[in-house]
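Each of the two complexes below includes subunit A, the first together with subunit B, the second together with subunit C.
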Partner chain A sequence: MKAVGARLPRYDGVGHATGRTVYVDDVRVNGMLHVKALRSPYHHAAIKRLDTSRAEQMPGVAAIVTHADVPLLVYGHLSALGIPADEPLLGKEDVRYKGQPIAVVAAEDTDAAQAAVDAIDIEFEELPALFDMRKAFDADAPQIHHWGTIYPHFEGEMNVRQIRKGNVEQAFEQADRIIQGVYRPAAIEQMPLETQVGLSVPEPDGRFTIYSCTQALYFSMGVVAAHLQMPLNKFKFVGGTVGGGFGGKVDTATETLCTLLAQKSGRPVKWRWTREEEFLCSSTRAPWHMEIIDGVTSDGWILGRKMLTLHDSGGYARFSPYGVTKHSFHHTGAYTIPNLHFDGYVCFTNRVPTSAMRGYGVTSVSFAVETHMSRIAEELGVDPYELRLKNANRIGDTSPNGIRYMDPSTVDVLHAIAGATDTELAAPYSDATREMRSGEWLPGHLVGQLSHSEDH
Partner chain B sequence: MAIHTGRGIASIEYPTGMNQNGDPSQAWIKVKPDGRVDVFSGTSDIGNGSKTIQTQIVADTIGVPYDWVTYDNSNTDSSPVCTGTFASRATFVAGKAVLKAAQRVRERILEVAGQEMEISPEDLEIDDGEVMAKGAPTKKLSVGDVAAAATWGHGELITGTGAQLNPYAAISDPTTGEVDGVPHAAISYAACAAEVEVNDETGEVRVVNLTQAYDVGKAINPALVEGQIEGGAIMGLGLGVLEDSYPYYPSAEHRGADFGSYYNPSSADLPELHNIIIENPSADGPYGAKGIGEMSNNAQPAAIATAVYDAVGVWVTELPITPERVLRALDARDAGGGPRREGKHVIFDEELSINTVGTGKTWTAEV
Partner chain C sequence: MNIVVNGNNRTVESPPLTPLLHVLREELDVLSPKAGCENGGCGACTVLVDGTPRRSCLTAVGSVPDAQVTTVEGLGAPESMSDVQQAFVHYCAAQCGFCTPGMIIAATAYLEGGGSADRAEISEALAGHVCRCTGYLKILDAVAAARDGGFDLSTTAESPHTTVLT
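Up next, the complex of A and B:
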């Protein structure tokens, strides 16, 4: 029997279903310490004083780590790509979201660790906060980030991710209708059953064995190695089986601090976030704000699109510039629009930093584009299938950044759901294919964008 | 009070692999003396099923039964680099790394078998754990015997490595977004038809049916593909009508901090699901596969929003489509609200626009 194409049961399904799979929290090591974190109670505040000396004397406390203990304090999710970093592993001069960690305590049990956290002497000065990304551009917006309220490090040190293609001005002049709408998907929780958890074990040979719930073993190992300024052979990451990860488990939320505490105490250190911490302190999907302006003909061709996207990054950048770039590459959805003017911004607010989550950068634009398509169909009185089949990506069409579509299936998937819902399509829409445009499928405005190259 | 039924569709695309590529995965495989196969890959399985998928790919590529293959992704000492399980890359990018490693192992098995059988390796094939002469299937040697011969006779280890790296596509012109290469490994496509019921007194939206079609290139494991389609559909339903980390947005207060105070889908919210798998093979993917993992929660929110309009005639373009938002939209409709029309311009949602809420930036049709 061939395995490929077969409905084989999940390789590790029996273990999951019978509770015998070993997850990070199932691993117990002799002498293991437990962690609690001092987190910011404010959305935005300056740290005026931080003194752990009293907490260090508390019973059961083995080690406390603050910003002063981290060899490389600021290392970003995109640092490996050479993109500047902004987020300290632990708050130093200021905190930019409620729940931001400032110090971590490793103690004999969680109660002792929490008592020591409560004994840390800290003084804040609360600062004005920003929550609505639409106000990030305002002259009187609170200054909440050392880079300003808008991320400034896209290529060419631009503060905007731009797409420009064709001539939108001309497309809007030629359009019969210009239809404008605003689309705002909310932040949602990652909500894995397994909260963020890590265990770092100092080995006699000077290495650390790190049990991790990461979605990306080598990425996370690189993050720990960078913060500790140590080579990769000092670490063995153990994992590969994750109790739910939808993007947030790339964050490497516990591994570095566990290892710093293990290094300082000489003992194994486990940190399992509580359910409340998982909800309130781990990264969420981002809120997005999108404004689409489309120039269309009466019979449903989309001639041009002007689009503004704001992405709420929360207090730090994390993966947000990557997410907005990916978003920009896909802002025409499953359709071919030859004239484009796109501006995308990463806006800082005082939310918990947002990060990658299933569909990163594109879930937002799929909602905006498709709801807008439905509105266009309704405004023009054009059948929603016909509007989509007309503008659907076909072989030889080019993407917003000029890449040839090799094997687009917009037509096939639309035909499939029409068939499954007993929706009758009229000719020529019932006979549409994904093959290269010609005849009635190739109106004048789409001629110039075609690519005949087989290269890509 | 009345329950109104509505339908809406959406059609989407989604890239496989990291945007702009440049995300390597590597694998290595060794064969035990009885022919059983050990795969070492660094791909975390987050529930996406990559352990199963990669094991299937290795079994067929070498030509041994599925249950001969052991898959180990447990640690970084034994497994090489995998950039990670995200960006819908595990089946395509990491799957291609194990496929390449398995091809090398197959070549090595054929070389050793060729010496044992005194037949040129090009004239041999492997199927179901047996090495056979092409056209003369009675001339055969089991892969176990080949591995034993390698171990005890030839003093060799049958092993193979593989790596997949789609080259990084840099943005060559940041003012236009032009790239200097292909910025994705493949693109997958999907469409969703949603049917909803809207209660015009309570504002509640109930999703009753999601009919969805996904082009995944090749379904390496159709049961796991359906799992992605259905799991993603429920996540998309949550995005569409239930979930919000900031229920009093833009305020960051009063967040849900446990399963009881955060509104997410449960089995009571399950609609009827109708899944269709389409296989338009990708040029480069393992067995023609493309990614499906992430896109499966992308199409539902728009299909649901459109179905709500179809049911009660209001566009709710802030997610989630809560009862409160539906009722406010119905009130606005009854008060004569709607888009502003000016010449050929039709302007929806002005109250939500940065033009209204902010003072530092405007966004209009003027270019």
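Up next, the complex of A and C:
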């Protein structure tokens, strides 16, 4: 426990400040090849012909990998969580977003690799594309995913992530006011300063040493091993020095293809994405569409919430169903609402697949909930701190998914914000605590929730 | 042609239009300047050319014959860090560290040019250097403190930007 509360120096600070830290792109190995990818120029297209024979003859080319070279083409990152596999490592029959990789070339330098990419013979048939997730529900929406435009495998077979708690219709009848809001945060590129980069080195014993900028080393090992259909002990991963990630380096972007190219060429293969590739082709935080309808009393108790969430997953599922599930668990934010009706959908569009970024699935809903809280306070003419402190999670309250809070910090955080901003709170708000509700903190609509949670 | 990198005479074989960043990293194995964008947009590749900060990704090597090029490797080794380098360590101004070489080069040039500890002026001097990790405040802390030197590197500075929940 020597580290807790101590102001220790950063273990890597001196390396960073003297330029000695070795990032993946700084690793030098003799005979290294460089990679360029053939990427889809269309948002949505069928692949009619793919022929790499001319490109293979180009000067400096050591190996080309297409879908035909991948032992397990379609692998589900989260199949262990019940999300079936849907995304091929390289486009085969179709491409569903602009920039989707179809083939990769390893050559003596990037210019030779790019020349070979340009020489690949490929024919597309462009197909109608879908960009607005709200249109995914239209009967005539372009069909872009073999599962349809809505992810259909929640709990095995549902197209919606649902939460039902209490009786929201009854809560709305008892409410003095119904207050609605729509919240639509846009996609954001994580934009680490270090772009996606990987280096795979074939070793004489048939193993591969893989230098990776991943945020999730063991996850990436599993992904590479699955696509190559090789046991984990064939891979030595070197990682931990990440030039920024912010969620954008959870998806395994380069390691698998570098290793397939290293296997085919017998040489070390490095692939560093350009900034343009990073912006156009790497996963982003998802755009979300959230509609909140709350039934409230005129003195600021939230009796019930109805919420609809649409999540833009891009062309494939990746981690999106997991993100929406997390989102649903957090859809009351740091507050307690006893009557809930939540529906969340994962929509497929022809955007780049979306993925993690700083509080995956939760940041979006926190933005919506906090904005909505301020809207309620404004419409009721109630102080925004008082509204929040009233409805704040307390010991014994339950989350949307039925977890009983043992030590919620909402009240303490609100008091700290008030302190830091020199905001005077009146009693009883100034002496609110996280302790179990009683007295005036326990209005009728919350009584049932408490006794219910004590039963279990 | 020749350039002088961190005091060492180096011969350059690359064609004159090759970006200095590429020459440093790929031909001369000087690895601290980073390829963040190769488009002049991020500042991670910044080096001193004859004492002036330049984006090495936009500088054709042929345009700087015989120049004195300085990178963070040349400012100080781990045992002999400059005050700016020490300040970055002490204030945790380097998080992932990828922007740090460019930041330290720009901050060094600013302070050597007589720059003050005024945060607005430091921000102006570091404009165009993108950092995605720190939120910049700790970088401003470090640069403002750098001139004083004598940092205790066995500990990390108290940050005025942190609120501790009690």
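Following the convention adopted for this analysis, the second predicted complex is superposed on the first by the 444 of 456 C-alpha atoms of A that agree within 3 Å, B and C clash if a C-alpha of one lies under 4 Å from a C-alpha of the other, contacts with A are read in each partner's own complex, and residues count from 1 in each chain.
The definition used in the following text is that a residue touches a chain if its C-beta (ideal position, glycine included) is under 8 Å from a C-beta of that chain, and two chains touch if they have at least 3 such contacts.
Note that the structure is predicted; figures quoted are calculated from it, not measured.
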Of the two partner chains, subunit B (first) and subunit C (second), which one does A:272 touch, if any: first, second, both, or neither?
-> second
Between subunit B (first) and subunit C (second), which does A:155 come into contact with in this model arrangement: first, second, both, or neither?
-> first
Greater subunit A contact set [subunit C / subunit B] | B
Who does A:60 touch here: subunit B (first), subunit C (second), both, or neither?
-> neither
Based on the superposed arrangement, let me know which partner A:443 touches: subunit B (first), subunit C (second), both, or neither?
-> neither
Partner chain in contact with A:7 - subunit B first, subunit C second, else both or neither | both
Figure out whether A:385 sits in contact with subunit B (first) or subunit C (second), or with both, or with neither.
-> first
Could you look at A:142 and tell me whether it touches subunit B, subunit C, both or neither (first, second, both, neither)?
-> neither
Looking at the overlay, what does A:216 touch: subunit B (first), subunit C (second), both, or neither?
-> first
Could you say whether A:84 touches subunit B, subunit C, both of them, or neither, answering first, second, both or neither?
-> neither
Name the residues of subunit A shared by its contacts with subunit B and its contacts with subunit C.
-> 7-10, 12, 191, 242, 244-246, 275, 409, 412-413, 416, 420
Give every residue of subunit A touching subunit C within the complex, in rising order.
-> 7-10, 12-23, 25-26, 28, 190-195, 242-246, 272, 274-275, 409, 412-413, 416, 420
Per the touch rule, the subunit C residues reaching subunit A in their complex are 29, 31-32, 34-39, 41-42, 44, 71-73, 75-78, 81, 85-86, 88-90, 92, 94, 96-101, 104, 130-133, 153-158, 163, 165
